[in-house]
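The structure appears right after this line, and notes come after that.
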Amino acid sequence: MPQDTEKDSFTVAGREFTSRLLVGTGKYKDMQETRAAIDASGAQIVTIAVRRTNMGQNQDEPSILDVLPPSEFTYLPNTAGCYDAKTAVRTCRLARELLDGHNLVKLEVLGDEKTLFPDVIATLGAAQELIKDGFDVMVYTNDDPIVAKQLEEIGCVAVMPLAAPIGSGLGIRNRLNIRTIVENAKVPILVDAGVGTASDAAMAMELGCDGVLMNTAIAAAQNPILMASAMKKGIQAGREAYLAGRMPAKRFASASSPMDGLFF
Amino acid sequence: MQIYVNGEEKQIADATDMAILIDLMQLAGQRIAVEVNEELVPRSTFAGHQLHENDRIEIIHAVGGG
Amino acid sequence: MPQDTEKDSFTVAGREFTSRLLVGTGKYKDMQETRAAIDASGAQIVTIAVRRTNMGQNQDEPSILDVLPPSEFTYLPNTAGCYDAKTAVRTCRLARELLDGHNLVKLEVLGDEKTLFPDVIATLGAAQELIKDGFDVMVYTNDDPIVAKQLEEIGCVAVMPLAAPIGSGLGIRNRLNIRTIVENAKVPILVDAGVGTASDAAMAMELGCDGVLMNTAIAAAQNPILMASAMKKGIQAGREAYLAGRMPAKRFASASSPMDGLFF
Amino acid sequence: MQIYVNGEEKQIADATDMAILIDLMQLAGQRIAVEVNEELVPRSTFAGHQLHENDRIEIIHAVGGG
Amino acid sequence: MPQDTEKDSFTVAGREFTSRLLVGTGKYKDMQETRAAIDASGAQIVTIAVRRTNMGQNQDEPSILDVLPPSEFTYLPNTAGCYDAKTAVRTCRLARELLDGHNLVKLEVLGDEKTLFPDVIATLGAAQELIKDGFDVMVYTNDDPIVAKQLEEIGCVAVMPLAAPIGSGLGIRNRLNIRTIVENAKVPILVDAGVGTASDAAMAMELGCDGVLMNTAIAAAQNPILMASAMKKGIQAGREAYLAGRMPAKRFASASSPMDGLFF
Amino acid sequence: MPQDTEKDSFTVAGREFTSRLLVGTGKYKDMQETRAAIDASGAQIVTIAVRRTNMGQNQDEPSILDVLPPSEFTYLPNTAGCYDAKTAVRTCRLARELLDGHNLVKLEVLGDEKTLFPDVIATLGAAQELIKDGFDVMVYTNDDPIVAKQLEEIGCVAVMPLAAPIGSGLGIRNRLNIRTIVENAKVPILVDAGVGTASDAAMAMELGCDGVLMNTAIAAAQNPILMASAMKKGIQAGREAYLAGRMPAKRFASASSPMDGLFF
Amino acid sequence: MQIYVNGEEKQIADATDMAILIDLMQLAGQRIAVEVNEELVPRSTFAGHQLHENDRIEIIHAVGGG
Amino acid sequence: MQIYVNGEEKQIADATDMAILIDLMQLAGQRIAVEVNEELVPRSTFAGHQLHENDRIEIIHAVGGG
């Protein structure tokens, strides 16, 4: 058992990572803050979005690909904003072309704008098509253990259940489901979406998750760079606590000082 | 002829290929990917990929997102 | 605002500490594990108990005072096992004599053996007598904001509400009370007792506590040394998250990727 | 005469003071603190602190605790 | 707004019901206890299972159909034990034949035996086939708002998300999801499975559900008949609280006695 | 064991009551609503406050004592608004004189206006003086099991721990403490303050409390009369569930239909 | 010929129809439903529904369940 | 002489007793209780309870409260 989280790693699609904190790159004030926060997070995997040229970006700014160069980071292009399988597949193909054949993608096919919950039926369909087309698919899903298992069985390289709605910061709504998904899984399980603060991230790791993917919890903090550092430590703390094996919770008390030798 | 680039109408000369369009749009050498009528067009095939009347062209790049 | 928890410190009775994790020294397998775990925790303040000679300790072992020398650690002798004010006061006086006048003590006057909850009436009485006698009193109490304020008003140098029963590992049972105690306080508030895992510790810090004191959560973990490291990181993570200012929790979702530039 | 040390009966010679008792118990120089009849006896006053019949003496040291 | 729950009713597939507590008929000691408990529950809808003759029933006992005659109860034959769509459809057809054309069924297609979570993909498929074949389908599902909406859109007459795993008694694991499902729905939403005690049932109703379906929470109580009465009252209490419009929760206190006229 | 809550009663200071819902009489729109809500609640014990004449009441209105005559209700005059023992004792003596020697009182000595938490030190002092002076004291306190036991030991006839701050509607913040208080008690334990909706009331009873006292949760509902009915049923539901003995909660699922006789 | 009833082998005379089988099994008039080879056989068609070698017959009834 | 009733100054004739004051205030027969200088004055003793300069009198009644 590792004595700390330095030597501890997980593997997705043949790539090994020591950082278990994956971060999004949206919602920051500017590219400088983006880079500073991501450095503070220690993340090795960063999600990016693809959008029409001349839109979705300040033209005076450098490209996200220059700010976060592929020499330093593993890209995880996402399909954010896709509400059907076909659009999600097109998005992944464009991303792969854009990134010179990079085939690791984050698939999300959304169900509605209020919850940004996944449409798991469409997600399964898109995942199958992408896998057939040679993609390594890390897939955003709900916290249903059966759906998670089905996504693993069709060949997704990682399954990423939500903790709570994207950007809600509500933390892990259903720990039992996440725990069950982890226990059933042969591929990495990463909590994706809904984390709000460091203790949420630690809790996800204590449930046995291999990692956590977040964006808003860092970018929307009053001090994103400090929160990125908090999240890095929270992930490590939770991972170490999981590996260390926590004490059993007991209803009643148990003294920490010896009863022998009381002099009164 | 008329085409649509990123959702906007654009008039171009007949017999324009994708390489020419990308030059016209001053995107040559930039990190982009292109779709015509919802089908990917590899960069390697820009030269020689003829455009046709009413083609719907999407030119995308990477942005921050989560 | 500090960019990390290195420069961040708190002060108790004129002593400044950069580690916000205070640890007990009981329940370990042996002195070697005790030392290794406490080193991994990064703690600067360690609690000790006083007991009759020739009892409560393995004679082949070095003294706890040699294993954790005063040159490296600030001692916090406790009154564990005391169920009345007089015994607690006698215990503190013995500890002060034992430690050559060291006057910083952890006062706990217990109410019953099932819960190890404090007897707050007796605790207030003992605290007043100890303060009159020149002690700096860090006091274990329940999570009642009024009692916490009264303990501050009579001159306790730190107020230490329980998260849950001592040794239960149940985590913070009443976050609202801890938050209220913190908001009302002019002295350091440390959560004492009941923490079970790293996310509990992080949560205590996110509520604004100045620190956390624990023993069983580390000593009773399957791997105490790794858990000590987890707790250290959890405390730092929670502290940084508190300083960073977490995002507001929202019931509904909020996208992390831009809506502009969608090409479909 | 009879005294009680850490709860156990002990016979000692009359006119024994605390310093002698601590020697007898081979605790001299160790990190201890002492009470007689629930009152603290400073180390500095061991020599000369006369013990009396039925004194209840507690000799304590530090142990791990939380 | 009704002044009590006597006049308050809900409608499923054109049938109106004043009792919002639906009960299963399994796991009881004998038929006498079954009948007594169901009478105490006030239920108008009872689930039944179909099994091979000479099995799954004590031969000395009367048939469940005699103990709970159709003149008094609306049957809801279920597909418990089905792990694929085809078997579930066969089961419903047998039930309809058995019950002389009764076309109201409870569809459940299970994903695994550990969680008894639904397989939502297979459930959607089976629901479509059953609806095409003229059944009124009340469908057991997970607590995913998107799946719930899809089941409504294909024509299910009621959607029944789980509170927690069947027979677990863990109560409502994710209130936010249940609330969202209710807000999005045009058909009745009934919590099915996972309720353990009366306050769980009340909470489901306070979230706006139209009813609750349970079996184990009553049958496995030490006194099933008294628990049935407790559940009946809990459902009514929660329904009335929902209709009455609860006070907003506030972090801080607010006095209930006037401040004016204090004489001190 | 009673088969319903009709025959089930509890006794305070020699008085027997079948209703376990105690209600306050403040914060209502007018006396008509007060009476209608209290009738709907089925309460037998009602709290009242004492204030200077010509204040704290609309002069056109009948007196609370006429609206809720002693022939129908047992009065529980309170010491709301008292922040010290002496004032609380004066208030009780005035109430006893006002009510012709009625000696049953609700003692509350408050600690601050933000939380309206009790000052347990002052509460203990006032309780002792009142008991010496012949009062039957039902006492509002925090949820500390030790304090609750001390209040019982000095002779309070009922101990009433808070669920959450008065008027907050936050529900039971620390179920473990309430449960422990109930297990330790020889006098009736009633949850006082903090209940917000019917499921909160049911939960308090499921923890084994003898009753619940509330005011704001009813008076501040959009429909106080319907909420009063909801609370009445919620209390009965929780009481019956407690007496019935709930099923044990299990992490995993357990089928409600027989496995034997599956035909597929 | 051999058929399977509720999973168990059963020998019956050729040219037996479902009505006869139900009589043989003393289930006539009981509340049951029947499948042959996973297809429902309505009660109204028992008489005249010929059984064949190796037919797999399921005869089900209602039981308590939730 | 001057007294204080429910916190307000009031001038009354010397040698007024509580019964008279209650009459003056038209509270006779009403459900009230009375304190003078923080001490309870039983209704039975109103007649004959002399008031003095600067007495602080509280007259209370019941109101709705929780």
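Here the chain labels run A, B, C, D, E, F, G and H in written order, and each chain numbers its own residues starting at 1.
Methods note: a contact is a pair of C-beta atoms (placed from the backbone, for glycine too) under 8 Å apart; a residue touches a chain by one contact, two chains touch by 3 or more.
Keep in mind that what you see is a predicted model, and the values were worked out from it rather than measured.
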item: From subunit C, the most remote chain by mean C-alpha position; value: G
item: Pair joined by the larger number of C-beta contacts - E-F, A-D; value: E-F
item: Inter-centroid spacing, subunit H versus subunit G (mean Cα positions, whole Å); value: 95
item: CA centroid of subunit E to CA centroid of subunit G, Å; value: 33
item: Separation of subunit B from subunit F, taking each centre as the mean of its C-alpha atoms, in whole Å; value: 73
item: Subunit F and subunit G: spacing of chain centres that average the CA atoms, whole Å; value: 63
item: For subunit G, residues that touch 2 or more chains besides their own; value: 6-7, 35, 58, 60, 63-66
item: Set of subunit C residues in contact with two or more other chains; value: 24, 26-27, 49-52, 55-57, 78, 80, 90, 94, 114-115, 117, 170, 176, 215-216, 219, 251, 256-258, 261, 263
item: Chain pairs in mutual contact under the definition given at the outset; value: A-B, A-C, A-D, A-E, B-C, C-D, C-F, E-F, E-G, E-H, F-G, F-H
item: Subunit A to subunit C touching residues, read off their complex; value: 1-4, 24, 26-27, 49-52, 55-57, 78, 80-82, 87, 90-91, 94, 113-117, 165-171, 196-203, 206, 215-217, 219-227, 229-234, 236-241, 243-264
item: Subunit E - residues contacting subunit H, complex; value: 256-258, 261, 263
item: Residue ranges of subunit H in contact with subunit E within the complex; value: 6-7, 35, 58, 60, 63-66
item: Contacting residues of subunit E [partner subunit G, same complex]; value: 23-28, 31, 34, 47-57, 63-65, 77-78, 80, 86, 90, 93-95, 97-99, 213-216, 219
item: Residue ranges of subunit C touching subunit F (in the complex, touch as defined); value: 111-112, 114-115, 117-121, 124, 142, 144-147, 149-150, 164, 170, 173-174, 176-177, 180
